[in-house]
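Same chain, two partners: chain A is paired with chain B first, then with chain C.
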Partner chain A sequence: MDKLAEYLQYPFVRYALIVGVLIALCSSLLGVPLVLKRFSFIGDGLSHVAFGAMCIATVLKLSNNMLLIMPVTIIGAVLILRTGTNTKIKGDAIIAMISVAALAFGYLIMNFSNTPNLAGDVCTTLFGSTSILTLSRADVWLCIIMSVLVLVIFVLFYHRIFAVTFDENFARATGMDTEKYNLLIAIITAVIIVLAMNLVGSLLISALIIFPAISAMRLFHNYFKVTVFSAIFAVICAFSGIIISILAGTPVGSTIVGVNVLAFAVCWSIGKLRGTAA
Partner chain B sequence: MALLTVNDVSLGYDGRAIAEHLSFTVEKGDYLCIVGENGSGKTTLMKTLLNLKKPLAGEIITGDDLKPGEIGYLPQQTEVQRDFPASVMEVVLSGCLSRMGNRVFYSREEKQLAVENMKRMGILDRADQCYRELSGGQQQRVLLARALCATQKVLLLDEPVAGLDPKVTADMYRLIQSLNKEGITIIMVSHDVAAALQYAKHILHVGNRVFFGTREEYSSSKLGRLFLEQEGGEA
Partner chain C sequence: MPNNRVVNKTKTVTDVMEEQTTVAPEATPAEEVIVDTAPAEMRYDTVDIDLTQSSETMLYSEVIDMGTSPDNYVGKIIKVHGQYMFFHDEMSENSYPTVVVLDATKCCATGLVFELEGDAGYPQEDQEFTVTGALDYPSSEDCPFPILKNAVITTE
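Coming up: the complex of A and B.
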C-alpha cells in the first residue's frame, strides 16, 4: 500500500491510470453492440487497416501520420460496419478480407522504403507504440476529450443504438435513418481504436471490446444491465490491471488482458452456477 | 384515397425480377392476406412496401394520412435477435422510437403505451423477462406489441404464425382479427390459405400468376382452387 501511494505521486502513473480506464470504459460501451452485431474482431481488423495506413505514411514520409491513419481507418470502419444485416458478405468475412488485405499491402509497401526496423514496427502496432507509461500531458488530454465525446454520444443515442442493433430492419421500417447510426457507430469505433492502438496496442483493444461485453452477457439478460455492468467490469479490470503491472513490474497491456480473462472466468462460473441452481 | 396504392410494381434483387406487374390497393381498415409458394417474393414485397428496398419498376403511393414511419412491422425472425440480451420491456419500448422525435429518453406516455400494448398481448407479467428465454409464440407476441407501439394504423405481418402450435396459432389469428376490428389495417403474409380465407377481406396471390381480389373471388377463381387443393394435399 505504501508502495502504491508512492507510485501514485508520479504523474506518469496517474496518466496511465486515467488513459487506461477511459479507453477501457469507451471500448466496453462500444463492445456491447459490436459483439452483438458479430463484429467482435473489428478491433483487430481496423488495427491492421491502421497499420497499412501507417506504412503508406512512412513511405510517403508524412510528418504527421495521424492525418492519414485516422481517415483511412474511419473508411475501413465504415466499409466493415456498412455490411450490416442486408448484404451477402457477412461481418466476420468482411473484417477478415479488409484486415488481411490492409496488412499485406502495408507490408508490401513497407518493403519499398528502407526502414531498418520492420519487425519492431509491426510489434508496436500490436502492443502499442507509445508505452502507456510514457504518455505526455497532451496524450492524456486528447484521450479525455475523446472519451467524454464518446460517452456523451453514447448516452444521447443509447435507445437508438439499441434499436439499430436489435433489429435494423424494424428500425428502418419505422422511419429511422439507420445508415446514419451505423455510420456514427463506425466513426466512433474507428476513433477509439486508433487512439487506443497508439496508446495501448491493438491486442489490448480487442480484449477491451470483447471481454466486458461477453462477461456481462453471462450474468445479465437485459440490455441496460449488460451495458452498465460491462462498463463497471472494464473500469475495474483496467484499474486493477495497471496497478498490478506497476507493483509487479509486468507489461501493462498483457496484465490488463490477463485480469480481463480471469474476471471473465469468474463471471462465467457464476453464470453456470446460477444456471444449474435455477 | 386508398391507404396504399401499388401500381404495376416489379420486385427483385440486383435487377433480376422475381415478381412482375403487381397492382393492388389497400383501403383503411382492410385485412389483406398475401399468399404464394416459398420464394415467390412475399417477404420481398413486404420489404418493398416498408421502403426497405426499392421496386425494380412501378410505384407505391401512400395515402395522404399515412406518414412514413407510421407502419408497424412484424418481421420473420432474424438470427441476431435469438441470443440478444434484452428484456421484453426494452424490446417493446423500442417500437416507440419513431414517436420520439429529437428527444433522448422515452417519455412517461411512451412507457405507458408500451405497458398497454403488453397488456393487450397478454405478456405484461413477463415485462422483465429476457426476450430470448421466451417461447416462439411469446416472442411473436412481444414483436407484435412492439409493432403496435409504432403504429395505430397499419400492421405488416410476415408469417406471424410460423412455427406456432395450432392452439397458439388460433389465438394469434383471433388477436390479429380483434386488432383489425379496432380499425387497424392488416397486411399479412401467410402460408395458411384456409385461415387466410377465413379472416381476410382481400387476397393477393403472388407467383407465376398473380391474383388480387376479395376472398370470395379468390376461392371461386381457378388459381385459388388449384392452390387450395395443393395446400390441402400437403397438410
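Coming up: the complex of A and C.
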C-alpha cells in the first residue's frame, strides 16, 4: 500500500487512472449496442484503420497525429457501415478486409519512416505498452472532453440507440431514421477506438467493448441493468488493471484485458449458478 | 576514493566525453573499461528518487516523465538501474553515455544521459549497471536531453 501511495503522487499515474476509467466507461456503454447488433468486431476493424492512420502520421512526422487519425477512423467507420449494408460484400467481410488491409499497409508505410525504434513504435501502437502512463496534460483534457461528449450523446440518445439496437426494422417502420443512428453509433465508436489506443493498443481494444457487455449479459436480461452493470464492470476492471500493472510491472493493456477475462469468468460462473447465463 | 574501485587507465571526464563523441562505442576496448564498484550511497547520502525499487512499468514511465516534466525533477538525486548504451543522437550528431531502461513489454526503450563524476570510466555496451546522479536539464544544443550530473556508477 505504501508503494501504491507513493506511485499515486505522480501526476502521470493519476492521469492514467482518469483516462483509463473514462475510456473503459465509454467503451462499455457502446459495447452493449454493438454486441447486440452483432458488431463486436467493428472495434477491431476500426482500431486497425486507426493503426494505419497512425503509421501515416508517423511517416509524415505530424506534431499532433490525432488530427489525422481521428478523421480517418471516422471515415473508416462510415465506410464499414455504409458499404456493409449497401453492397454484396456484407458487414463481417468488409470489416475483415478493411482491418487486415489497414494493418498491412500501416506496417508497410511505417517501414518507410526513419524512426530509430520501428519495432518499439509498432509494439506500442498494437499493444499499448505504457503509453497510458506517458500522457501529457493536453492528452488528458482531450480524452476528458471527448469522453464527456460521448457520454452526453449516449444519455441523450439512449432510447433511440435502444430502439435501433433491439429491432431496427420496427424502429424504421415507426419512422425513425435508423441509418442516422447507426452512423452515430459508428462515429462514436471510432472516437472511442482512437482514444482507447492509448490504453490497451489497437489489437486489444475489442476486449474493452465486448467483455463488459457479455459479462453483464451473463447476469442480467434487462437492457438498462446490462448497461449499468457493464459500465461498473468496465470501470472496476480498468482501474484494477492499471493498479496491478504499475505494482507488478506488467504491460498495462494486457493486464487490463486479463482482468476483464477473469471478471468475465466470475460473471459466467455466477450466471451458471443462478441459471441466468446462456 | 573507495578501495574497491578498479582502474585500468585513468582519464578525466572531459577526455572520455571528447573521445566518445568522436569514436564509435564499439571501438572502446573492454580492457579500457573502468568499473566503479562502490555503492552509490557512499557518494550520495540520500537519494530523492530510487528507481531501482520501482516496477518495470513505473521505471519506464518515470524516466519518460523526467523528459516531459522537468520542474518535478530538476536537481533531484536519481538512482536508476539499466543497460549501458553509448547513444548517438542524429539530431545533434553527438553521442552520450546513457542508461537504457525497457518497458514491461521489452519492446520500447528510453534512457537517461549521464555524466560521470571524477575519473571513473564507463561500463561495456549492454552491461547492466546502476547509476546515481543529480538530474539537470542543460539548455545547450550539445545536449538536448536531461542529464544525470556528477554521476557515480556501480556494476555487479
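The definition used in the following text is that the second predicted complex is superposed on the first by the 229 of 278 C-alpha atoms of A that agree within 3 Å, B and C clash if a C-alpha of one lies under 4 Å from a C-alpha of the other, contacts with A are read in each partner's own complex, and residues count from 1 in each chain.
As a convention for this text, contacts are C-beta pairs under 8 Å (C-beta built on N, C-alpha and C of every residue); 3 or more make two chains touch, one makes a residue touch a chain.
Since we're looking at a predicted model, the values are computed, not measured.
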item: First (chain B), second (chain C), both or neither touched by A:T134; value: second
item: Touching partner for A:P71 - first (chain B), second (chain C), both, neither; value: neither
item: Chain B versus chain C as contact partner of A:Y10, first or second or both or neither; value: second
item: Partner chain in contact with A:M217 - chain B first, chain C second, else both or neither; value: first
item: Dominant toucher of chain A (residue count), chain B or chain C; value: B
item: Touched partner set for A:V226, first chain B, second chain C, both or neither; value: first
item: Chain B versus chain C as contact partner of A:T250, first or second or both or neither; value: second
item: Touched partner set for A:A171, first chain B, second chain C, both or neither; value: first
item: Residues of chain B touching chain A in the complex; value: 47, 50-52, 67-73, 75, 78, 80-81, 84-87, 90-91, 93-95, 97-98, 100, 104-106, 128-130, 132-133, 146-147, 150-151, 156
item: Chain C-touching residues of chain A, taken from the complex the two chains share; value: 7, 10-13, 116-117, 119-120, 123-124, 127, 129-130, 133-134, 136, 245-252
item: Residues of chain A defined as touching chain B within the complex; value: 36-38, 85-86, 155-160, 162-163, 165-167, 169-176, 216-217, 220-224, 226
item: Contacting residues of chain C [partner chain A, same complex]; value: 55-62, 64-65, 68-69, 72, 90, 103-105, 107-109
